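These are the structures in question, set out in turn.
What follows is chain A paired twice: with chain B in the first complex and chain C in the second.
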Partner chain A sequence: MTKQAVGTNRNAFFSLSASLSRKCRKGARRGVMLLLCTLLAFCFCACSSQRELNTLAIVLGIGLDAGDQPDTLELTAQVVKASELGSGGSTRRSEFGSKAYVNLSYTDDSMLAAVRELTRTQNRRLYFSHNEVLIFSSDLAKKDMAEGLDAFTRDSETRMNVYVLIAKGKASEILEEEAELEKIPALHISGMMGNQQVNSETAVVTLRDFEIATLSGSTAPVAPMIESFESEGKKHVKLEGTAVFKQGKMIGTLDKAQTMGLQWVTNKIKSGQKTVNTPWGQVTLEILHSKSSLKPVKDGDGTVRMQLIVNEEGAIQSNETGKDMSRLENVEMLKELMKNAIRSDIESSLRQARALSADVFGFGDAIRREYPEEWEKMKKNWNMEFPKIDMDIELNVELRSTDELTKPVVPGGAQ
Partner chain B sequence: MHFFIKLIRLLKKQHQPEGETSGNNPGEEGSRKERDQSLILSRKLQDNIDAVKAKFGGSSDLIIREFSFGRGKDREIKAVLIFLDGMVNLSTINDNIIEPLMRQSWFSRRGEASDLSGIDEIRDRLLTAGEVKTVRTYNEVAEACLSGDAVLMTEGFCKALDIGAKGWEKRAVTEPTSETAIRGPREGFTENLRTNTTLIRRKIKDPALTIRTIVIGKRTHTQVNILYIDGLANPNLVREVERRLKKIDTDAILATGYLEQYIEDSSLSAFPTIWCSEKPDAVAGKLLEGRVAIAADGSPFVMTVPMLFVENFQNAEDYITRSHYATMMRLLRLTAFLISLFAPALYIALTTYHQELIPTTLLFTMAASSEGVPFPAVVEISIMMIIFELLREAGIRMPRPVGQTISIVGALVMGEAAIQAGIVGAPVVIVVAITAVSSFAIPFLTDALSLLRWFLLIMAATMGSFGITVGTFIIFMHLASLRSFGSRYLAPIVPFQTADLKDTAVRVPLWAMGTRPKEIKPQDMKRQNPPSKDTPSVGGGNQGENL
Partner chain C sequence: MKLKRGSISRKDLIFSVFCFMQGTVLRSGFIISVTRQESWVMAITGLLLSLPILAVYVKLLGNFPGKNLVEINEAVFGPVFGKILSALYLFFFVSLAALNTRDLGNFVVGFMMPETPLAAVVLIFLIGCAYALHKGVENLMHLSALLCIVAGGAVLVNSILILKDVQPEFLKPLFRLEFPKFVQGTVSVAAVPMGEILTFTMIAPMLEKDEKAAKPLLFGLILSAVSMAIVILRDIITLGPLVTVVSLPSFESVRYVSLAGILTRMESIYAAVLVTLFLFKVSILLYAFVLGLTQILSGKDRPQANPEDEGQSCETERTRSQISAPPLMLISVAFVFFYSLFVFESVMENINWGATAAPFFSLTFEFLLPAISLLTVCVRKTGKARRVKA
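Moving on to the complex of A and B:
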């Protein structure tokens, strides 16, 4: 194919026949060279990483618990049973109700040892590229997370965009939940995480975010907490609060309001709602847009303080009062109430962070960027310095609309 | 590896003797001519009849009609009319040859008239046929008969008359089967060379449209016509086409496809470097761009050279529909090309090497369908591709009613049974089906694609996406090195010719196509004046179609 092609060039038009045999020889040499190059390419890779789909155990979720023996950990890998799940081959689908996943557990000294051990009990190789969630039990998290984090960051097959969660009980139990709308618990949890921005009450943290915070040295990483509960004889899970870490160990938690306060400071609020109490009853305000900026400023005496500006725009989502909330004085009142609500969240989270002496907001990083010299002095003793740092909070709240109603549906309200 | 070297050596050997024989050819031809000269017609009619009979080996379709004409018994002249049954129009024979000779008796005293004036007088005064020539040798007589003429020989003259009476069964001009038109002209070429050239001439009513004839094939004596527009086509190109055609030394040319293999630049390439069409309007468009057309007797396909890669994606209909739509179709065909070339290879690369690139839920579906399938993915897809090629081939070769049965069986085998039986997975069937449909969107490249697809598939199966990259590089290097009669195959993309992008992935309105393609090097680049600003549509349309 190539031989002939190379043999003909631009001048072929005028002098083809004269040099036919010479070109043939030249073309042949080129053809052989090209063939050699192609064969050389095989040396680089050729089939080495080839694997068929039906030899893989696709892992969707990992749970890490502390093992029974000291210094061991228990790895639970949630592997999908594709034949139970896929739409392909409808005739082969087994009876309704069987699980579409299997949880494989093994306890060993280290992560990788456990993974290797699993191959002695399973015929398929664990495949981590599609892993969605990484759940540490809080017991393990309080002891040591370093090993799990290291293994999952170092390996080329695992991804950095997996969600990191902390289980209140055992991680393996979380992976056994019986979700109603999803066949695989890990997918259910990752789906939930993807949806958390609608309420902004959970810190959504991927392995990458977690590592960035860890590697900064001053910032305390956080991760959402998940707990298992039973209702009507079925196991369910829910996201509840946030775990705070320091030096690779879990040292405390933030509750729902504190988590939201944390997100106001770190500019993570995308949407959500706040219910405020007016003299006539409750009004729920929706957060439409929010933007916050955190900046350190230096006082006259050289002490550094933080300045937080939050710009929030919202709308009325529901009104139980029966009063016309589109009236200007009511709007002003709602704005004031909203400010107070936000302020109380932020202050609550600040109090908790100070109590834990954990810089969950990233003050340290902000100071390092703005005042590197001061930071050099502060960083040695950051644990002591952090609780002393003051924060000014400036809130600009706007109420943009009352949505599609101006007056309440029931005039006078439900008394 | 070894095999390839051997193959190349073999090819070289084949080239060598070819050169030698072509070198000897002129001398051989010369001697043959001398021999022909010795076979001049005899004065004796009976000798001539015997010689012609012997030449045709007593074929039963050779009709020898003996008769005499002239007034009076002593003034009678014996004559004979020789023709091949079925090749001539019998009414011409009867009304224009035999009738005038026998009815309006020509009188001349034998011996008085010289050879020349005698036979010429028949020609000039008696025969009412349109096309009459004088021939002198047996070979010329045989040739005349074979091309459908009647030959009149008379006693006492060593010359004969070749009277044009061609008339054989011809297929009518019908709608082409390989290229259908929606808005364009519907007539298609036939197997008759003269009909084909006439169809083109009727599109281009310009005396500059030149037709040159070359007869190729030692046994078939196939008439091959070279068509070009004088003053438009590059004379070098015309010379080159003629030179390559004249070099052909074979016994049979049965269709233009035969010629193609003898004259194309790289006959080992998977890509066609000679364009062909069944539609006179498409060929006329190519001629008007400065290309040269080659038509052969007996083939309803006319070829044009040089061919560029973009022509694979062009269609005569593109120039008739609105330009936006034509542009969309061009992009669609380009997409079809890419899908058809890469889909199976990408599928294999993704499922056996790069599972991390497949969206999670899609991976489940694919994994589910590969559950319980006994073969590796590459074997699976190979099975389906072979089945598809089989169905295609069987569907084409079988008579139409049987062809339908095949497609039903095929649909069932491919669509349902194979999946249900668990021999292949559903995604494989989808991939092969998409590939097949895409390759049909670009009929010109269907052959090339079905070969290159396997090449890329093997590369992908052994080296994953790296293999696809290497394979694509090789294909593109090859494409860039291809030439078609001096034109670079990838032009106007490589080398980049801005002006000619007007007819590649986009097809601008006709009035905006001011120049002819540069790569073809026409003598006259300008096609039309740029349109005036107030009435843009007036500028276009009057230059006829272009392709």
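Moving on to the complex of A and C:
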């Protein structure tokens, strides 16, 4: 009896302890899971390395000018004021009397120093992830752009698809324009750059494109130029021409026609127009499609020359002559005139590039890809070799349509 | 929990190999800086060079069916010398785990959370690995198919989205690489991502009894090589000469994606996929280390009592060991945590190691030691050959 009781007690004790141990284990497991969840919560952006929206100064445009002192640069950051982004669409002051942006400037030895020094005057930290444009003043571009390029590529916040522009004059003044249709000048400039494919008269260059050309060693990087002008008492900006670089410094420019010539050679023409002079007046031809191919060819004597083939398709966009331009002989005449206009642009840009001894077209890279042995001989003396390279130009122009009119609208034209 | 044969299928093994390699494939900067626009060729030549290495593993595994690398070492070299050799392999596995953990930490801190201490990132990452292994390595491997689809899909989607910004002429001139650099690139690819398939010699015995590990491992490698070639090609034609100066070419090319101003900032997908792939890889490496450690420390070579294996002498002989979630896990994780923190002082040191010493370090364990084992097997005629004779 007693033995039985002891046995029962022992069993009860073991089952109790087993149950307790199970409960303890369950509790411990829950505790560990809770601890894990708490630890994982630190990974969320709200806890670790958090950047709250109301502590950020979101930068949409950057202007870089040469500083007053040697080896200094002036950083101008265009920061959006979200509270002022209401209705309406211009950079004019809102009903509360302030603009939707503020330009913060600081001059220091380096980019990072200027960015950090700005925190001594501002309560928000600059945030570059949404930056759209990077504008260098031509003065700085003529001295050295390496500092800005390196800093904006190296930093993890910045991106390589920002547009690079060169300001005629001060970059900070470009960011002070009074745009009619946008509240933020940087967004206005970025939008303009996005639209340039409709006229193809501006070289659209991102930070990636610029750096690829810089790293190439033979190709001369280019960047579009932007200038500020006053009209009816307001500051406006316009894109005009192209800056040409060599060894990291700006050495010259291309005008509008030369820029278009560059675009023809580098297969960047998407759309646009050309106005040609006929014996009876002007006709405007629209560029619908274009495809260029540039390749080096080797002559029998071993000299390398470039061969450019441009295939262009267009349409008659306007006719001021009063003549029927849909007649086949007139179509042939217009095609010839278009060819002449394209050839003129290309030859003009080639002359300017030779004068600057700057391979803006990427001849060197094309030769390196197709004839690596020849390139090894040429690359040491490329500055002297480039102006001597000939280019054959083959133009194939087609006029596909006369748009929605077959004959011009002139008085009595129906009879 | 003991693992039986058949815990994983051939498909699991193929996808696991792919996921294991893909973490390194997405960090292809180490190879592109050396072999420039011809790096994609290295994926193919590296694969070809890794085939003899794979053949050695397959031959070893074939000679000792059902045994993993540590067990093979004991069978070939005896309990003492075999354990010493196994300890060298374990050092390799744990070093790889620490190096990959450090790489992950450097990526997260460098590109996403610059103000977070490295130790915090590494610790939380390793807790994730420990948890994954606690749930069983076979479950992790079952998930590899899903992970493979996600990782492959991310590469595909990102590659399609960047198509409008690529310039295929960046690939030219073709086949102009100097011979020493070609050798360096091929050896680096064969040693660093591909040779790490050695880890799977600890896992292959989980396959079905009649399954050979050769085909799944080979298919896994081929899949990885194809993926590596695609990723490197995409990076080269997107970034051109920039590909040789940026630290993470894949990250930079994915960052460039911008479609109509809406589909942008795709690098977040890349980062999520990369972290998950690293978690997979480090978990597998940790498993190989912990399993080997358990086996080395478990004393005599005795068959484990397993009710399901009763009466199946061949089965019990084999399965001493494929343990799903081996003990010593937490202490191993703690070890990897500290190891990864002091393995390099800086990212620069890490890159320098990757470009210079890493292939030699890896090949010692991936090729030299297994080749010696195989040679010994052939000379002494141990393993399957001897049993057949008997």
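Everything that follows uses one rule, which is that the second predicted complex is superposed on the first by the 353 of 415 C-alpha atoms of A that agree within 3 Å, B and C clash if a C-alpha of one lies under 4 Å from a C-alpha of the other, contacts with A are read in each partner's own complex, and residues count from 1 in each chain.
By definition in this document, a residue touches a chain if its C-beta (ideal position, glycine included) is under 8 Å from a C-beta of that chain, and two chains touch if they have at least 3 such contacts.
The structure presented is a predicted model; accordingly, all values stated were derived computationally and were not measured.
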Which of chain B and chain C A:Ser83 touches, first, second, both or neither: first
Partner, of chain C and chain B, that touches more residues belonging to chain A: B
First, second, both or neither for A:Leu39, with chain B first and chain C second: both
First, second, both or neither for A:Met160, with chain B first and chain C second: second
Touched partner set for A:Glu52, first chain B, second chain C, both or neither: first
Those residues of chain A which chain B touches in one complex and chain C touches in the other: 39, 42, 49, 159
Residues of chain A that touch chain C when the two form their complex: 36, 39-40, 42-43, 48-49, 153, 156, 159-161, 208, 211-212, 215-216, 368-370, 372
Residue numbers on chain A that touch chain B, as the complex places them: 1-10, 12-14, 17, 20-21, 24-25, 28, 31-32, 34-35, 38-39, 41-42, 44-47, 49-54, 56, 58, 60, 80, 82-83, 85-89, 91-92, 127, 129-130, 132, 157, 159, 187
Partner chain A, residues of chain B touching it in the complex: 1, 4-5, 8, 11-12, 15-16, 19, 236, 240, 247, 265-270, 351-353, 355-356, 360, 363-373, 376-377, 419-420, 422, 425-427, 461-464, 466-467, 470, 474, 477-478, 481-483, 485-486, 488
Contact footprint of chain A on chain C as seen in their complex: 110-116, 120, 123-124, 127, 131, 169, 172-173, 176, 239-242, 245-246, 252, 255-256, 258
